[in-house]
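The two complexes that follow have chain A in common; it is paired with chain B in the first and with chain C in the second.
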Partner chain A sequence: MLTLYRPGTGWLHRMPAGPKLLLILSVVLVVSLLPAHWSTAAIAALVAIVGYTVSGLGPGLRGIRELGHQMFSLRWIMVITLVSQLIFMGPEPAVANTARVTAAIVLAALLSLTTRVTALLDAIERGLRPLERLGLDAARCALLLTVTISTIPVLGRRAAEVRDAQRARGARNNPQTFVIPFLIVALKHADELGDALTARGVR
Partner chain B sequence: MAHPEPLPNRQDRRRLDAKGLARVAVFAAIVAVLGLPGGFTLAGGVPITVQTLGVMLAGAILGPWLGALSMMVLLALVAIGLPLLAGGRGGIGVFFGPSAGYLIGWVLGALVIGLIVHAAGRKPVVWRTALGIFVGGIPVIYAVGVPVQSMITGLPIGQTLLMSSAFLPGDLIKVVTATFIVTTLLRAYPRAFARVWAATPSRGLERV
Partner chain C sequence: MSAPAIRLKDVGVRLGEVDVLQNLSLDLQARTVAVIGENGSGKSTFARLLGGLINRTSGELSIMGIDPARRAAELRRRIAIVFSNPDAQIIMPTVAEDVAFSLRADRLPPAELTQRVGAAMERFGLTELAQRPSHDLSGGQKQLLALCGAMVRNPELVIADEPTAYLDARNARRVAEHLLEDAGHRLVLVTHDLALAARCEQVVLFAGGALVGLGEPEEIISQYEAVLAC
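So, the complex of A and B:
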């Protein structure tokens, strides 16, 4: 299934998921807490550029190009933040806050770019294990996440079938006429999935 | 181990059985699929995302606890890097962006919707469904979303509220749509709710 992961062999790719999560989150947190000064804009931009160049995303300018991709996908968030703050608060907070928010988001994206979903799933299961004393079942949580991941493409196909069926009958494409049949198909799938899980020993 | 048969409506809050697990997984997937491209256009050709419609349905159909859990599952998958939010957004970065609070509000919103729609385990009726979906779907989500957005972007809370009120008309349409869907589903496919209701109160009244 489609993920945000980009294959690679840099040091950030090879770093274990748990420590990597903590490292990236602490950098993001520091950037998020910068005050609304002009200097913040420069620091935020610098940290983001350095972050993407030193994390070993690929040879040459590969990291910078990736940063460009990430920022392009954030263009609307950047525009809306910038414009609303220009209107209400003036240029200095507008530029500083926009740079800070953008840098935090692109730096956090380094986690998904360099870590496989399976590695993060394992990290979550390990991270939840201490909570088992509170009655939380870490293995069941991991199972729940895995089952959901495998269910999404199945329901995606079912949704396409429902849409095709409606198009064939000339129905208009609006939420009510699609969602009700799709929900029924999906919840029937849930019944089958529950039976299948029970048959495999999940209680 | 002789388990007493639990009441069908009372999901055991501590333990998630296979059936509950499947329903939670499927609903998280439903909300993800509702955010996929190829979505809908309203009258006038305005493209809309129906992902928040899915949030409203999760609470109303699964009930408070499983509904909230399905939203937590969806957000966990987003956090570990699946692009499941409308527009293909995903990754832990979204929790540092302006919409972080609204996403967390989904969990609380689904919980509140479930609590009101299924209050005291009674069969949902139209007014309670509409009320629950409205309260959990708009005030609750905004109550978490707006302060967090204000905190993240540094824009004062009043102005942030003003900006996000641009989404109110769309959200109100979604409340109406979700209410219509839930009441239709109650008649067309009551199994969707996986609950057993006592005989309708009106019949009881007739006998009095």
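So, the complex of A and C:
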């Protein structure tokens, strides 16, 4: 689900990271605010398809294939959203909400697909700089976001290791026995990461 | 290299309720220094002290003429620290971006940044992997990346705390060669690999938070082996 940058030369790739962030954010916002109607499902799907077709991800059907790829990685989120809402809210809101959420996520993914994290980090830092007069440290905030993003895959792998270790000792999948070891592992990672950041020149 | 690069006088470090290092006095003159000792003997604490990650509780400390407690920022610009676990040292999502991250604070012009990053990746054999997701690399490649990220800043002193602990023999050797190679840096290397310690010019031996040996590798390593044999 955590999409990575794909090198490319389309217009969205070439667009400066700051304006691109604002553009994609506003499209995502509009899609998320659509009402829970049948028509919303159609509009959300259309916006996602158009977004992936016109953003210059590559020749021919490259954009649509990428969209398929993204949707495939979201399949469980889609199923869970759809089923839980079908049970509690009925078909129309369930379909509209699922379409809306899925479209928002895949549209947001266009940002990470076409922008290097370094460029994003620079843009966020620049964008936050006016707030420095209010005492905000722009460089630190931008860095915090970056580190958060990059920590997710590491913690995901650590969680799998903890589960494996427990299974190896015959424990069933049990959230209660999972939480404490995972917390310890996560805190240890945070500790090490703090040292590494300091060592690499971050104040 | 006239005045000792690293000088400690009666240094003590207390963490919580524990005196982790006590009455530590030593001058380190050699370009490459190995630090050995059993688990819990205080090696990592010593490395973190030299790296300015923790402060002493008492005594005096000077690293290349700098007192870390007073001028920590300057010290960090001139040294690099390498840890055992590569996962915790890699920050950016691709290899090239992670190397460039170490130079972020310098605000270099883009052309110079690209050049420095390219040269460093070349040196560590990472050029082919430049655009690869850094968290998908093998353990050995990750540690080379961590080392590359440390070395790209041309540090005067490199402090490495068991940098080969998680690596297989081949990758451990590659990492060790890069650390020992004279690229204009001094090295303080914490290690359990006595063959590696023997390749340093000077060896420091810790036991129970105190310095128990300092001198030629051969002498200090046999002193340590004698203790281990008991």
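Operating definition for what follows: the second predicted complex is superposed on the first by the 135 of 203 C-alpha atoms of A that agree within 3 Å, B and C clash if a C-alpha of one lies under 4 Å from a C-alpha of the other, contacts with A are read in each partner's own complex, and residues count from 1 in each chain.
Keep in mind that, in the parts below, a contact is a pair of C-beta atoms (placed from the backbone, for glycine too) under 8 Å apart; a residue touches a chain by one contact, two chains touch by 3 or more.
All of these numbers come straight from a predicted model, not from anything done at the bench.
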| If you stack the two complexes on chain A, which partner ends up touching A:S39: first (chain B), second (chain C), both, or neither? | neither
| said: After the superposition on A, what does A:V28 contact: first (chain B), second (chain C), both or neither? | reply: first
| task | Pick one for A:L197: touches chain B only (first), chain C only (second), both, or neither. | result | both
| said: Quick check on the superposed pair: does A:H189 touch chain B, chain C, both, or neither? Answer first, second, both or neither. | reply: both
| Which partner, chain B or chain C, touches the larger number of chain A residues? | B
| query | After lining up the shared chain so the two structures overlap, which partner does A:V117 touch, if you call chain B first and chain C second: first, second, both or neither? | reply | both
| task | Tell me which partner A:P7 touches in the superposition: chain B (first), chain C (second), both or neither. | result | second
| message | Which partner chains sit in contact with A:V147 here, chain B, chain C, both or neither? Use first/second/both/neither. | response | both
| said: Let me check the overlay on chain A: which residues of chain A are in contact with chain B and also with chain C? | reply: 4-5, 117, 147, 149, 154, 189, 193, 195, 197-198, 202-203
| task | Mind listing the chain C positions that touch chain A in their complex? | result | 48, 51, 53, 73, 76-77, 80-81, 83, 85, 87-94, 97, 100-102, 104-105, 131, 133, 135, 149-150, 153
| Contacting residues of chain A [partner chain C, same complex] | 4-5, 7, 116-118, 146-147, 149-150, 153-154, 157, 189, 192-193, 195-203
| message | Give the list of chain A residues in touch with chain B in this complex. | response | 1-5, 21, 24-25, 28, 32, 36, 73-74, 77, 80-81, 84-85, 88-89, 93, 96-97, 100-101, 104-109, 111-113, 115, 117, 120-121, 124, 135, 137, 140, 143-145, 147-149, 151-152, 154-156, 159-160, 163, 173-176, 178-180, 182-184, 186-187, 189-191, 193-195, 197-198, 202-203
| query | Which residues of chain B touch chain A in their complex? | reply | 14-30, 32-34, 36, 38, 40-42, 50, 53, 57, 61, 73-74, 76-77, 80-84, 88-98, 152-156, 159, 163, 177, 180-181, 184-185, 188-189, 191-192
